[in-house]
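First subunit A sits with subunit B, and in the next complex the same chain sits with subunit C.
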Partner chain A sequence: MHKNALTTRGWLLLLVLPVIALGLLYVLPVFNLVRISFAQYDPKLGVIPDYQISNYVALFVDVFYFEVLWRTIRVSLLVTLFCAVLGYPIAVYLIRSSGWRQTGIFIVLLMPLVTSVTVMSYGWLILLGRNGVINTIASGLGLIDVPRQFMYNETAIVVGLVHVLVVFMVISIAASLQSVDQTWVRAARSLGATPGVAFRAITLPLSLPGLRTGALLVFVLSMSAYATPTLLGGTRFKFLSYLVYQQAISLYNWPRGAAMAVMLLIATTALLALVSIYSQIRTIRANRRLREAQADGPAQVGAV
Partner chain B sequence: MKRMKGNTIALMVASALAASVAPGTASAAGEVVFGCWGGASQARFQERMLPPFEKEHNVTVRYVPGVSTYFTSQMQAQRNAPELDVVCQDDGPQSVARELGLLAPMDETLVPNLSNVVAAARGAENVGVGYGLIAMGIVYDPEALEKAGVEPPKSWNDLADPRFKGRIVMSSIDATPGLFTLIMLSKANGGDENNVDPGFEKMKEVSANVIEFTKGADFSQYFQQGEAWVTVWTNSEMARFVASSGLKLNFVYPEEGAPIVMPMLSLVNNGPNRDMALKLIDYLMSDEMQSFFARESRIGPVNQNVVLPADIAEGLTYGEEAVSKLDKPDWSVINANRPAWTERWNREIER
Partner chain C sequence: MSQGCLVRPCFRASSTDPGETKSFLMEYLNVNGLEHSYATQRVLENVSFSINAGERLCLLGPSGCGKTTTLQVLAGFVKPDRGNVEIKGQRVDGMPPEKRNIGIMFQNYALFPHMSVFDNVAFGLRMRGVAKAEISARVMEALTLVRLPHAASKRPSQLSGGEQQRIAFSRAVVIRPSLLLLDEPFSNLDARLRLEMRTELLDLLRTLSVATVMVTHDQEEAMAIADRIAVMYRGRIEQIDTPDQIYRNPASLFVGRFIGESNVLPATALPDGRFQVDGVGAITARDTRPSRNATAVQLMIRPEHIELVDAAPGGEEWNSVEGVVERQLFLGHRTEWIVSVGGLKLTVWQSNAHVRRQVGEKVTLRWRSADSIIVGAEHANA
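Let's look at the complex of A and B:
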């Protein structure tokens, strides 16, 4: 009894530091951001603490703003999709390899995260530019007459972001693949399932939580990406983060920039909430089906 | 063992706290905080320009690297307790900081070397002083143009000529080259800072030639990779790029005039070390440092006592006569209208 009380207090003490850290580093800044988003800006006086909803009203009547917001969401969804399609096989390969090969894959995957974005964008220019490697090869093979511009469009943004973010998908999927009990797969195989069927019936469903985590991570990071879209897509294909930068840094209008940032936060959170609600509903339905199945007859592969 | 660990952590926390507090206390004594450009400029200042000053006055110059707009934002955030003493900014962002009341005036009695500075470089209301003269014009790659059999550009309106289709790289309106192109296109077509409609009309034609509008004003990779033939850049940035890359580029003073860009030094209002701040500005305006800027940073001197040999003066905006030919944009009108122009640019030019 006495011992238990001590551990409870120990747990609480352990919580203090994270709570303070989260409060200072996360809650406080976000609160401040929301506060500034309601303030006003005057070129002579700077930010004035006169709180109104005018910054939001200005955004809601702005078609251009929604165009940029929609591009941000659309591109981020595409990035998430491509990361999932590319990341899954890589994750499978990753957990099946070991030693130097595994380390090698990790280094390749993590490379974009430790490389400066400027260097990386220059790298893409060397590859995709009009005098770049791809154009040179294509025209050398007689596939194209005039060099094509592969940079400065939405495709370039998707390519660049997938390159940077796919590692988050791979690691998430690999983590959940690792926990799939291989005896189930062997059991299925011994009962006559082909490798494909065993994968679809056992491995894939069990790795879905990892896929979901990876998708959320990639989507959130992509929605807030700034440097990669700006350098690869150029300013003609703006991401919302660019408009925030423009207002806050070039035009000194923090309140307007803060309002845009808050809207980005809300849009991202809302999409995440939708996905989370949808998956909750699916889980509840699956559990109900499972209970019904168990009520009907002898338990089958219960844990699945 | 456990206890020792606790002590070690406590010690680490304490020293971290001390370290974070220390700069504030130190600046009152032997430190002056200097906010200026990063990269190669920072190395030039820290390794070669500032050490003699530090030695002479027995003071440490704490160098905070950043860009003009960043310093304006910084000073705005620290309005009640400024951390910076002296800031380097381009004239545009400097005028915003001045209008926000973040900078303090200074005259010859406080900074003796100001009496040698050409009139064009003196700051409005004695706030700040230009420390170098730079011209914004059109830059092109002569080899690429010759190979393609295309005439070099001569005027701002030439940027709209179809012969440069898909061969111009230009900064967005967020950076000075894009902004000045808009203003010079207005002036070349019957408008000015107060009437930019003709500029926007022409800019739409120019936009058809532009490969890409960049966020900043670093065009080096576009020329290195042969993507671009033409851009709008300053003579000083071009000269530095040419010196470091070995590529050959030409600078054109367009027929309609070349706007002046001036990096400025300003005294921060209520900065922690005002006395040393004034001394630092005076030092950087001296004959010796002004020649150094001309030689190493490739910017025209503002101190009229400075005499440059012909090989150094080549390509620089040098002497009052050259300066008088430059176009001086009206920054107060620009600052007042920039948000509206930016919105319009986002919708009409970069969409």
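Let's look at the complex of A and C:
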């Protein structure tokens, strides 16, 4: 159709390099990981290529492991939710501002990504710690009698991860908000929609793809986060990535660590698949409703 | 029969409300003394006009003349610094856009991309809480009106430009607006479709007889669609009149130049009522100026009113001058000559001319006195 459109062969040629790169750098290591997860470990002999499902069986009967897996999922969902709720207004503000103000917001948002996690955790310690700013102010105002511990719990993990990851949400939402033409909003207003209704009917649904992409990025990054939860969650509140590290690096139990990593991968993929299936079903239902509405539309015109 | 409720909503309303009959004769839309500035730039200066029920007014002018701002003020998207807007005797200038019941067809149509055509047209009715069955009926009726009932389940992106425009129109009128605003309705269509849609839109507007304000920079569109045209320039209305009057009796030099082609010659008023054009001679002309104090004036002649003749004609009603052909352009439906007369260059058009002249040939030009119009000097601020 287009003069400069690539032929099918051209497209296939273009795909060769990425396929090789992905195969070598991604598929092969993951395949290897899955293979090792079925192997056995002996403290004296190391990894034994005797493939059984014993590692998985051991995980399924381990209550502590499930507690950590559930915490990882729950905290990641919370982080995603908070990123969405905080990120949306920031994205709206970002696209409405320009020049230095826009640059300023970007710098503030990107700061956590260029700061070392250790430095950031100490930052939060200064704010949230037992002798931190918040405790000092709160007790100074007489709101609390004894200093509270805000650090080393799940709340601290959520705060820290939202801090680091909200930028991914903001950028994806801002990108899709940018494509929402303001004349659509004006058209909705002229047809009787208040600013709030116009936002719900026009701006929000049209920016949902960005919200979805942002949520996906934040959730995946949060599920696999290691440093932030380890530093802010303290000794009691572990993330699954820490258990994997412990098994593979501290205990040299590669097969057990691999099995945990595979479970993390499956849990993440399964959750994403569920969300995707749910939204597919909703789209199909909406389309069916639309067809039905139109099927009886003309009939009613005839009856009038 | 199924179109009964959309077509001619004004008449239908007047039959149920006896008070409506009286207001039907009154001015329907009143715009009084709009003033507006963006930062330091004045974009509207004392813009006032009114239209009758069912009347089509076109705001015409070059870009930056204030026509779009006027439309935004009517729609409620821009709050003017001064002035007010009344619809059917009711002030609307304090109202937000959603309360005004004004249908707008946007320049880019602004169809909601995530909704079907049906949902687009139904949007305004849903906002008004119309019952579900009535929504389907009215949407299908509005789609039938623009001959696109089969497009109901399509997405706007699946439609051609002309179809999108028709959907935008039915979305704007399905709410039975008290005023319809059309913003550059044809600017996004290609030349051929533009002509087609112009006729179609005019037919639709006549059928609905809804009070309409249209904004355009294209004089042909304005003349084809409008009952009256308001020519705007630098934030002011230069002239507001029927297309015919605007063309024949331009109130200012700007209007004369902007609408159609014209030869403009600087002239001086003579005591005998004639006008002296340097290098050409004394000319008889029609003086349309409101005040005749100034002696330095501009004399305007349309190219199609000038004839190329062999001999000077007799009679009081004719002006005639001698000139030399500088250029001859055969354009098919007409021939254009540039004739040099005493250092001035006059453009002359003749339709179906089989006369050919040589460049450098001496010719006589003539035109009726009534076709040379005195329009006064250009604005002091122009």
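We take it that the second predicted complex is superposed on the first by the 282 of 304 C-alpha atoms of A that agree within 3 Å, B and C clash if a C-alpha of one lies under 4 Å from a C-alpha of the other, contacts with A are read in each partner's own complex, and residues count from 1 in each chain.
Simple rule for what comes next: contacts are C-beta pairs under 8 Å (C-beta built on N, C-alpha and C of every residue); 3 or more make two chains touch, one makes a residue touch a chain.
The structure presented is a predicted model; accordingly, all values stated were derived computationally and were not measured.
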Touching partner for A:R148 - first (subunit B), second (subunit C), both, neither: neither
First (subunit B), second (subunit C), both or neither touched by A:G192: second
Partner chain in contact with A:R212 - subunit B first, subunit C second, else both or neither: neither
First, second, both or neither for A:A201, with subunit B first and subunit C second: second
Touching partner for A:K238 - first (subunit B), second (subunit C), both, neither: first
Subunit C to subunit A touching residues, read off their complex: 2, 5, 75-77, 96-98, 100-104, 106, 108, 110-114, 116, 118-119, 123-124, 127-128, 133, 136-137, 139-141, 144, 149, 152-153, 171-172, 175
Complex contacts: residues of subunit A adjacent to subunit B: 43-47, 64, 122, 125-126, 129-132, 149, 151-152, 230-231, 234-236, 238, 242-243, 245-246, 248-253
Residues of subunit A that touch subunit C when the two form their complex: 181, 183-184, 186-194, 197, 201-202, 205-206, 290-291, 293-294, 296-298, 300-302, 304
Residues of subunit B defined as touching subunit A within the complex: 69-70, 72-73, 76, 79, 96, 99-100, 166, 172, 174, 211-215, 221, 225-227, 335-336, 338-339, 342-343, 346-347, 350-351
